[in-house]
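Letters A, B, C and D mark the chains in the order given here, with residues in each chain numbered from 1 onward.
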Amino acid sequence: MCRWLAYFGDSIPIEWVVLQPKHSLLDQSRHARLGATTTNGDGFGVGWYDTGKQPGLFRSLHPAWNDRNLRELAAHISSPLFFAHIRASTGTAVQETNCHPFRYSSWLFMHNGLVREFPRVKRDLLLKIEPSLLPEIEGSSDSELLFYLALSFGLQQEPIAALEKMVGFVEAVGESYGIKYPLQMTTSISDGTRIVIVRYSSEGKSRSLFCSQNVQAIKDRFPDDERIQSLSAETRLVVSEPLGDVPEIWKEVPESSVGIVQPGEDELRPFRPRR
Amino acid sequence: MCRWLAYFGDSIPIEWVVLQPKHSLLDQSRHARLGATTTNGDGFGVGWYDTGKQPGLFRSLHPAWNDRNLRELAAHISSPLFFAHIRASTGTAVQETNCHPFRYSSWLFMHNGLVREFPRVKRDLLLKIEPSLLPEIEGSSDSELLFYLALSFGLQQEPIAALEKMVGFVEAVGESYGIKYPLQMTTSISDGTRIVIVRYSSEGKSRSLFCSQNVQAIKDRFPDDERIQSLSAETRLVVSEPLGDVPEIWKEVPESSVGIVQPGEDELRPFRPRR
Amino acid sequence: MCRWLAYFGDSIPIEWVVLQPKHSLLDQSRHARLGATTTNGDGFGVGWYDTGKQPGLFRSLHPAWNDRNLRELAAHISSPLFFAHIRASTGTAVQETNCHPFRYSSWLFMHNGLVREFPRVKRDLLLKIEPSLLPEIEGSSDSELLFYLALSFGLQQEPIAALEKMVGFVEAVGESYGIKYPLQMTTSISDGTRIVIVRYSSEGKSRSLFCSQNVQAIKDRFPDDERIQSLSAETRLVVSEPLGDVPEIWKEVPESSVGIVQPGEDELRPFRPRR
Amino acid sequence: MCRWLAYFGDSIPIEWVVLQPKHSLLDQSRHARLGATTTNGDGFGVGWYDTGKQPGLFRSLHPAWNDRNLRELAAHISSPLFFAHIRASTGTAVQETNCHPFRYSSWLFMHNGLVREFPRVKRDLLLKIEPSLLPEIEGSSDSELLFYLALSFGLQQEPIAALEKMVGFVEAVGESYGIKYPLQMTTSISDGTRIVIVRYSSEGKSRSLFCSQNVQAIKDRFPDDERIQSLSAETRLVVSEPLGDVPEIWKEVPESSVGIVQPGEDELRPFRPRR
């Protein structure tokens, strides 16, 4: 089990949302409320877009709460689109190459959930990965494999279709081994221009996922908060569990749905695994 | 806040008490029940006596629960007297030199608690340390300073007197700064032949500390457990909080007391800071 | 490029050969003389046999020369058969799961060398691995794959035949991609009863490998060294490059050969890849 | 022994000078040419100024050459004034709090060299540190103490005078213990507006230190290098040993001298320890 956060909007210091809010992601690394585990201390990662070709990536196997470099970076790096993730290993090694986000070219991917009975299905999943992509895999986690499967199914061309094919494939493989609910997943991907989020699980009881309300509502709620007043109408935050303690500024992402956070109007539609 | 464990008895694999019991120290690193914090993930350490001149020392800044080397060592090293400690930093850096146990010559020391307003009193404490010992200090924690103060007060000659003088001194310094309750401490020291434990705090409300009942009672309680039946009558375990879930095999160490775990009869008496 | 050492003989503290000799393995981590690189600072590992079911394993991503836990373990653990390895990454991530030795059941494996153009051939190698073994792979190195290939070819039943089949297969795959010299390898494996070493490379110019002369010759050379005089006639050391500076106590392992270090007479014979 | 680099000029990506040149600082972490040791693999650090109140600080105990986060940060962070340092421990622990640069308020400090017989003089040095500053010390290195001594002597008010008093004091203490050459030091400090560098040693044979020639000369030398042509006339680089292999673009900083790199004309004058 893990917790994650995706930010889209004006460029802000990463610490504004990762470190400073009440019940921030940093706080969730020790005291998650809604997750399967309360401690998410098996590494973390931050990925951020700037003007460079590739997003930046900082991953560490230390717990987020005691890593000083994370505090420094979050204070000194600003970005208009960034991901942050804290990990609770479901068994695989605690190492940077198992930390999210994963990066390929200009794409970032992060995930909360698991492929059930991963050791049994791992080989079938590996075989489906585009041969030219296979050597890029560096860790041993199920999450990284999901990313490379999605890439193999065309993530860079049609992200949602690729994610639906990926999930359909993972479920088909799982079923062929008699695994009842092969996949549990909330995930977020980006190419730097928009964010695609999915909340889905084979059993239809997915891990929690929330999106911030429209900015005007939040500004009305916090009339004296300078930072919040400074945010543009485009600002959105997607989180595994709400930051702060004002629940009404968050709306739950519906079960089995995919959302696109982008300039202008966002989109939300059912997520349908394809076979 | 931290959790610790001291073992005295026949030589056993360290994992028998550190990793394998229900609610083991490893489990407490994520889910402590009685402590000020539930997560003790800011490093850990194990110190063990064998036939060498110095005890062995393995310290790591990783959380105990995800460190594979700890599992290996605990499985492959046996010892008749060992300490294990999991750390929750009260602010100082997460680094091996701040992990317990601390070692000097044949002595080991570990501590749960804190020196209140440590930054204010640190200089006075440093100045009292025997000049020849001062360069041995490698970390920045209050605990390491308590150890070197005790050494400066003669720990190697008269351990209990030295601990009482150390506490008296720390309290006198604290009071000179107007600090109400200068010290909170459960501690354990050894030279490899016996273990001295102290439960004390300036406010008279010390952190929890428990000692195992006599071995025969435990054997009677678990007639079918081969390992427990194999233990000698000398076996004792002192812990910050009980392992397992059979509370009656543990007795609380009384407030403001010092105990000596040694071959033959143990001792228990009031702990009286000296000025 | 890496350096390694394998010890067979009476139980001795690991530090006797890993830390203490002139030009020890620890020293080679900073100043290797015969290797392709002088610095081997990308992690290290020690594997040792004792009375337990599995050998112990301590691996770290720190340089060997500055890891204090290595010094402690090497001083406090004695073993009659152990491996030690220092790593110089040829590109793959510096993480514990890429450090040697690798362990499977009672077997240890370590390697110096490389699979040439590994990213191109990796998928073919992965596909040949016994499906039930595949999920055991945790790192991303070529070396770990060689181990699991050898296991897939029957290492536990017929070690030398399995190694010859493994090398034959790797060479066949490499050739199918037009790779001139697919494999460079000195390797050491053990199940705790004997050690099998191989010096081989497709180009017939293998990395250096040395075996200690018979113990009597060494005793004659160092009549006043108590430790050396205490060694049994069974003691043997295999090393990437000589320890100490008395070259005549080492003999080079011949090109393209396999040796068996075992109780009684050792064996040495040509190593012939099988297709 | 260590190696360091200080950059002053237009804002550029840190990687331009830390990672990318021939014989870059990264390369020097494995193969220093002019230093007392060739390997500087005991941690590293980068400090950089931006628009924030404090400079950013990224320190790690890994070798610079294999730390991926360093590559990411150096590629994604630009700054008009930054320090980078690679460490070779002279005995003290390898931990982040012993890595340079050290930071206090808006000041950065880094050092190459050593206080001779540091354990003997450490207590005297500690006692001279302003009591309110003492608790800020987190590591165990001589270098951090030099920084806090300089702060205690008024670094923030009159940097050069404070450095001269600090050196005078360290030499006086050393002499009182009969230490022949108490101090070896090249050092760099900054408050974000200018850089003060010192090359000094008690024996008058200081570690190497070089400053880049004026930018026009370098531009003339590399007429086709776009980056170099883009640099402003204010650009300066101070380094322990030259980057690249065009020695004529570097001039040695004279023995026993202090330089100020600042907007407009730089200054260079003799460095005279004060008692």
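The working rule: a residue touches a chain if its C-beta (ideal position, glycine included) is under 8 Å from a C-beta of that chain, and two chains touch if they have at least 3 such contacts.
A quick note: this is a predicted structure, and the numbers were derived from the prediction, not measured.
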Where chain B and chain C overlap in contact partners, by chain label: A, D
Chain pair with more C-beta contacts, A-B versus B-D: B-D
Gap in Å, rounded to a whole number, between the CA centres of chain B and chain A: 41
Set of chain D residues in contact with two or more other chains: 68, 93, 96
Residues of chain B defined as touching chain C within the complex: 48, 50, 52, 56-60, 68-69, 72-73, 75-77, 96
Touch list for chain A against partner chain B, complex: 30-31, 38-39, 41-42, 61-63, 65-66, 68, 89, 93-94
Touching residues on chain A, where the partner in the complex is chain C: 92-93, 95-97, 118-120, 122-123, 126-127, 131, 134-135, 137-140
